[in-house]
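So that you can tell them apart, the chains are marked A, B, C, D, E and F in the order they are listed, and the count of residues begins at 1 in each.
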Amino acid sequence: MPELDAGSTAWVLTATALVLFMTPGLAFFYGGMVRGKHVLGMLMQNVFCMGLVSVLWGLVGFSLAFGDGGKYIGNFDFAFLKDMQNGALQLPGYSDSYVLVIPAILFCAYQMMFAIITPALITGATADRLKFKSWVVLLGVWSILVYSPVAHWVFSPKGWLFQRGALDFAGGTVVHINAGVAALAIVLIIGKRRGYPNEPMPPHSLPWTLIGTGILWFGWFGFNAGSALGANMLAAQALINTHMAAAAAMLGWLVVERLKDGHATTLGGASGAVAGLVAITPCAGFVSAMSAIVIGLLAGAVCYLAIGIKRRFGFDDALDVVAVHLVGGITGSLLLGFFADTKINSLGFDGVLNGGGGELLGNQAVAVGATIVFSFVVTYIIAKVIDMTMGLRVDEAAEHEGLDLSQHAETAYS
Amino acid sequence: MKLITAIVKPFKLDEVKEALKGAEVHGMTVTEVQGFGRQSGHTEVYRGAEYQIDFVPKSRIEVLVEDGDVQRVLDAIIDTARTGKIGDGKVWVVPVEAAYRIRTGEAGEDAL
Amino acid sequence: MKLITAIVKPFKLDEVKEALKGAEVHGMTVTEVQGFGRQSGHTEVYRGAEYQIDFVPKSRIEVLVEDGDVQRVLDAIIDTARTGKIGDGKVWVVPVEAAYRIRTGEAGEDAL
Amino acid sequence: MKLITAIVKPFKLDEVKEALKGAEVHGMTVTEVQGFGRQSGHTEVYRGAEYQIDFVPKSRIEVLVEDGDVQRVLDAIIDTARTGKIGDGKVWVVPVEAAYRIRTGEAGEDAL
Amino acid sequence: MPELDAGSTAWVLTATALVLFMTPGLAFFYGGMVRGKHVLGMLMQNVFCMGLVSVLWGLVGFSLAFGDGGKYIGNFDFAFLKDMQNGALQLPGYSDSYVLVIPAILFCAYQMMFAIITPALITGATADRLKFKSWVVLLGVWSILVYSPVAHWVFSPKGWLFQRGALDFAGGTVVHINAGVAALAIVLIIGKRRGYPNEPMPPHSLPWTLIGTGILWFGWFGFNAGSALGANMLAAQALINTHMAAAAAMLGWLVVERLKDGHATTLGGASGAVAGLVAITPCAGFVSAMSAIVIGLLAGAVCYLAIGIKRRFGFDDALDVVAVHLVGGITGSLLLGFFADTKINSLGFDGVLNGGGGELLGNQAVAVGATIVFSFVVTYIIAKVIDMTMGLRVDEAAEHEGLDLSQHAETAYS
Amino acid sequence: MPELDAGSTAWVLTATALVLFMTPGLAFFYGGMVRGKHVLGMLMQNVFCMGLVSVLWGLVGFSLAFGDGGKYIGNFDFAFLKDMQNGALQLPGYSDSYVLVIPAILFCAYQMMFAIITPALITGATADRLKFKSWVVLLGVWSILVYSPVAHWVFSPKGWLFQRGALDFAGGTVVHINAGVAALAIVLIIGKRRGYPNEPMPPHSLPWTLIGTGILWFGWFGFNAGSALGANMLAAQALINTHMAAAAAMLGWLVVERLKDGHATTLGGASGAVAGLVAITPCAGFVSAMSAIVIGLLAGAVCYLAIGIKRRFGFDDALDVVAVHLVGGITGSLLLGFFADTKINSLGFDGVLNGGGGELLGNQAVAVGATIVFSFVVTYIIAKVIDMTMGLRVDEAAEHEGLDLSQHAETAYS
């Protein structure tokens, strides 16, 4: 039985706090972009994830994601966090080269933060029109029926995608593709914001968006480097890769934006950084720092261009969750098939550019495809049922008045 | 008594205020407003989408003056607020039937 | 010359602006205001305490027009600003004795 | 019909609103404005540098009233807005040639 | 002599930074709730604690709290941080199962952050009317005459409550009850804000309050999990408990609020989370994660209801420090008497629900009572003397004008 | 060959994240002080450093700073981060008592964060008038021609100032004096803001400045305590010193301000804290906590008074980068010559007050002087060339309109 490592425990404790902090960060990244009458609604939809998802995770979510229930879903062994108080507990599949040197309950807490922020990402797409009551229901159901299974497939050593050899260091599929696809499914049902696209809907406070970006970047070090689950060379590599990709993506986005629109905007700089962070998420612990720069540059440019998709197909993904998280997640997950390098991480595989041939790329494609199909279908059904029963969307008066007043009887500023 | 209302460029406000002091005007009331006119607004970019903002920030100045002072005050405003560039704004005069100072209840010219 | 002042619902501002452009009005000045009237405000909740906000956000539009244009402009505003729901607002007309364009000093109709 | 405009101290706004309700005024429009007058502004300190702010925040109240109500409304405003301290503000009356309720198109007194 | 443990040192270094960050977080949590003309006054009252209390802590505060001066107060052995530069220094009472594996000076720095935020909590009650000059004096005196003694009683192994067997993992009594009672004492002297309760005094910017909440939640991981003083299973347990209680309390508050007022507000979500963090503070290292959820749910509901107290008794606790910190602290400290579990922490005791009988509950009640009485009496005297000499409260003109201009010759926004 | 230490790695991973977070913190510290039409321009100038400087650091910057190229500049051995993926890599000069117990690539990432924030500090001086395009060029060139060499001189054990025995624990010369002098050189070229000094230019949102201060203080623990490159007594000492100096400097600034201007302002409290953090930066790991308090008090007072310099000499250092960073950095670097104590850090030297005579003080003076001269001359040339070619400054219309609209086609608030 392995000793707990204090240094690794210290780092994962820190990383857990960092990832928790990302959800308020995301709330402000989004909140600054909406109009002033909807900002509290947006903040609340995000912060509320910290409440509801956490409790559900403790009751069943974690157990369904990491319990020993076969390839497709966990089980109820750890429901109500049973046995988790035991410091010597070994989680199913975490043995040999995957053995945990941190307390199992810390791993559970760390993973909980991923479960919280994933659905929060969706709220950017449904901005300004999602009924709070319906979000509460959607959130709870989605967290159990969509998040836990996908997390099991990819993160748990018992999961089919993990065993198939698909790589996802910190959640390119589980978090970003998953949330991005779900966002798409929901906006197809909820429809466009009134006035979109004719009426301009400028961000009410870009400084909020910028501080949110700073918090996200900061927290992402916990998200990616923490996924090494130890304080070691791999964590250091993941950290610098995360940073380099964010930096390069900021440049990539700004350059393309400047060429196409004539200006490098602050929102563009912020959006590019986030796009890079998304794309590097699956790759962080498997590629070199120089590969991270290339991945970032590409992600910044690709995600900027992907914003055109919603116009082309005429859906209203208000804050571009599809362009940044779905497209960014796919970009990273597939590029990993090219850049993965076993010299960086011997538990990984070599990508096309490192002599590994197309096998990894194929597995990545399977993981991407499986996540897209599953998440889209299940999310669509859940959202449809809620829409038909309680209604996903606020009524016209409420939308004019704003979510802050209509949903929460508050005004943000006075 | 008359009410003079002027729409001027915000960065001219302080100069106008000083000029009015010079013209022995003892008070004024200023409002931040949005102006639409010949001066075109500006274009903003938001994630690849351009949109046009027609309105331009302006300062709206209200001054109550005795009939005899109207011309002097108008001149002071027009001279100082003018940059010669489009968008300098307008001034207009409206008749006032009565005016009071709330503190004292004084009416008419004494209210100023 | 006259000054037309209209109080309208904020989300109607853009439509009214377009309508005025249509009515060949070349400029206007807009102020964000708080209105009180028949339309009731709203209730907010703050840690278990409810309080009533009587004021409703409105947009105040000022337009200087030549006497001949008054009716056309009034109609344009009233038609576009109307939703038929309580709180649509008011329009009123005040006489203007003089108006100038600051940039050029032009007076009267030329000032518009 | 007349338009009464009052500049008052912001913390007096609620009282004035209640007083106007009492005087059977069914509506008013309020604007946040900056006032300059005898009441001096204040001094701010910014890293060792002092600067003078001449303007004082005020509330600007507009009330359309029938001719017969002018005096009652003026009294209500002056009585409630008065603190006796410098800076209490002004009230003035301007003639109105026409007024309409947008919702219904009603004109004149019915518009109020 | 024990070796320093690098992993534990790493974690407590981090935790110290996290707790420091809570004070600006609190400043904004409060600052958003006041009106715009008072916000700088509020921020300053909080941030100033980081200045004055820190220096006093180094000069005498720490020594009075952790020096070997008997059961009721420390001594001056560590005044001016004498000997603290010695890496091998052992603090009085920290031996055997309590031995420190981190540098004594780091423990001193960590505890300093608690000494900073505790008086800062008070400022929420006196919002919009406290004279800055008087706050400076009150703060300095209170920190030495009230905070240090109570910290000695409860935290120091030499203190009488510690030795009596009262449990307080991270400051339920020392921090929250202590600050909450002090706040009550001071508002009774300073009186109500002009216009309260007739005039509505809506928050001027709830987004500030929300970002403050995010920072507080993030920092609280350092506050509670850091109190394990090591990177180990206990820290992990404390971390997940802290999070679960905050999450459950958010739900608890929102549900009751929704039922009573018809709306679930963002301020309610934020307030509930803080209430849960307060209540779990004494319990974090002594209870199971499921107990933490129950404690949180109860705390959220109880604190929401406790807001009615000020109306009932007619005092003006502007931002509900009594309802959230005093009531929340009492709730957690007493519930620990039921939920404490030696399987979680063998250095603790079993509560009523774990076969420990009523003994712990009794000791908890004694600790709560002693803190309330001592803090109330001494604070009342200090505040009264200051009020009679220099005046606690700004004059009417200054209150109308706002604290920002009258106390600091500044305006927050322009 | 030394083992990697997990605890130390955990702490430096955390410290790296903390220092990264300082740049957004700085952006808001500055952003709150400018007028509303320039705030995005300010935020962007800062956040953009996270993009451009990072990539350049990976390509050549790090190698020029820490490569084995002699006393004055590194070399290209680590260009494109060559060899840095090797966990066992030893960096030149980091042997014996300086041996690294953390991965070299983590050291590289940690140092990158210093390279990012240093030029960002400059933007406070050029506020409201710097052309973004020109900043992009200036930033890139400056980072390579000025930052890397000075970092080599002082931080690398191969550098001449390091070898001469000049002490700089975390960047008093490399970061603060360097940026402060560069700011001075640039403002001399770019000239005054239109309307300065006649027109008042009040901060548009001091709360932004306060939250920036909170983030800076928090992050500075990573900046200074992280520079111990380990989780040990030295890090703990550096942490408490950092905090004590910030606290004392806040008091120092406020007291002098109160005496001179009649008010203790929130901006003064924030500015004082930052001044103390600047001054303690070179000293953090070499002095006692009580010395840190004295250094802080002096720095707070001195920097406040130094604000008068710009008025005396009539240049427009908009946000007082010279007074806070140049003067504060000099103050700290020279005071270290008095307060340095080998009992705190045996790798340092004793200052005048600890029986070391004037030798250290002399070396500190040399380091200060060399940094000032080199940074001023090279920065002046770079800025001049840019000004003559593309122009450093926006035109009059753009300055009236604001940087947000003219440079980025955005407005901050709507």
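Assume contacts are C-beta pairs under 8 Å (C-beta built on N, C-alpha and C of every residue); 3 or more make two chains touch, one makes a residue touch a chain.
Remember, predicted model here, so these are calculated numbers, not experimental data.
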{"item": "Touching both chain C and chain F (chains)", "value": "A, B, D, E"}
{"item": "Chain labels contacting chain A and also chain E", "value": "C, F"}
{"item": "More contacts between chains, B-C or A-C", "value": "B-C"}
{"item": "Interchain centroid distance [CA atoms averaged], chain B/chain D, Å", "value": "18"}
{"item": "Distance between chain centroids, defined by C-alpha means - chain C, chain E (Å)", "value": "52"}
{"item": "Gap in Å, rounded to a whole number, between the CA centres of chain F and chain B", "value": "46"}
{"item": "Shared-contact residues (touching 2 or more other chains) in chain E", "value": "5-8, 10-11, 14, 202-203, 211, 215, 231, 261-263, 265, 267, 408-411"}
{"item": "Contacts with two or more other chains, residues of chain D listed in rising order", "value": "31, 44-46, 94-95"}
{"item": "Chain contact graph, described as a line, ring, star, complete graph or other shape", "value": "other"}
{"item": "Contacting chain pairs - touch in the sense defined above", "value": "A-B, A-C, A-E, A-F, B-C, B-D, B-F, C-D, C-E, D-E, D-F, E-F"}
{"item": "Footprint of chain B on chain A - complex, ascending", "value": "197, 200, 202-203, 257, 260-263, 265, 267-268, 271, 304, 307-308, 320"}
{"item": "Chain E to chain D touching residues, read off their complex", "value": "199, 400-401, 405, 408-411"}
{"item": "Partner chain D, residues of chain C touching it in the complex", "value": "2, 6-8, 31-38, 54-55, 58, 60, 74, 77-78, 81-95"}
{"item": "Chain A - residues contacting chain E, complex", "value": "4-11, 13-14, 16-17, 20-21, 23-25, 27-28, 31, 39-40, 43-44, 47-48, 50-55, 58, 80-81, 84-85, 87, 102-103, 105-106, 108-109, 112, 132, 208, 211, 215, 231, 404, 407-414"}
{"item": "Residues on chain F engaged by chain E in the complex (per definition of touch)", "value": "5-8, 10-11, 14, 18, 202-207, 210-211, 213-215, 217-218, 221-222, 225, 230-233, 235-237, 239-240, 243-244, 246-248, 250-251, 254, 261-267, 269-270, 272-273, 288-290, 293, 343-344"}
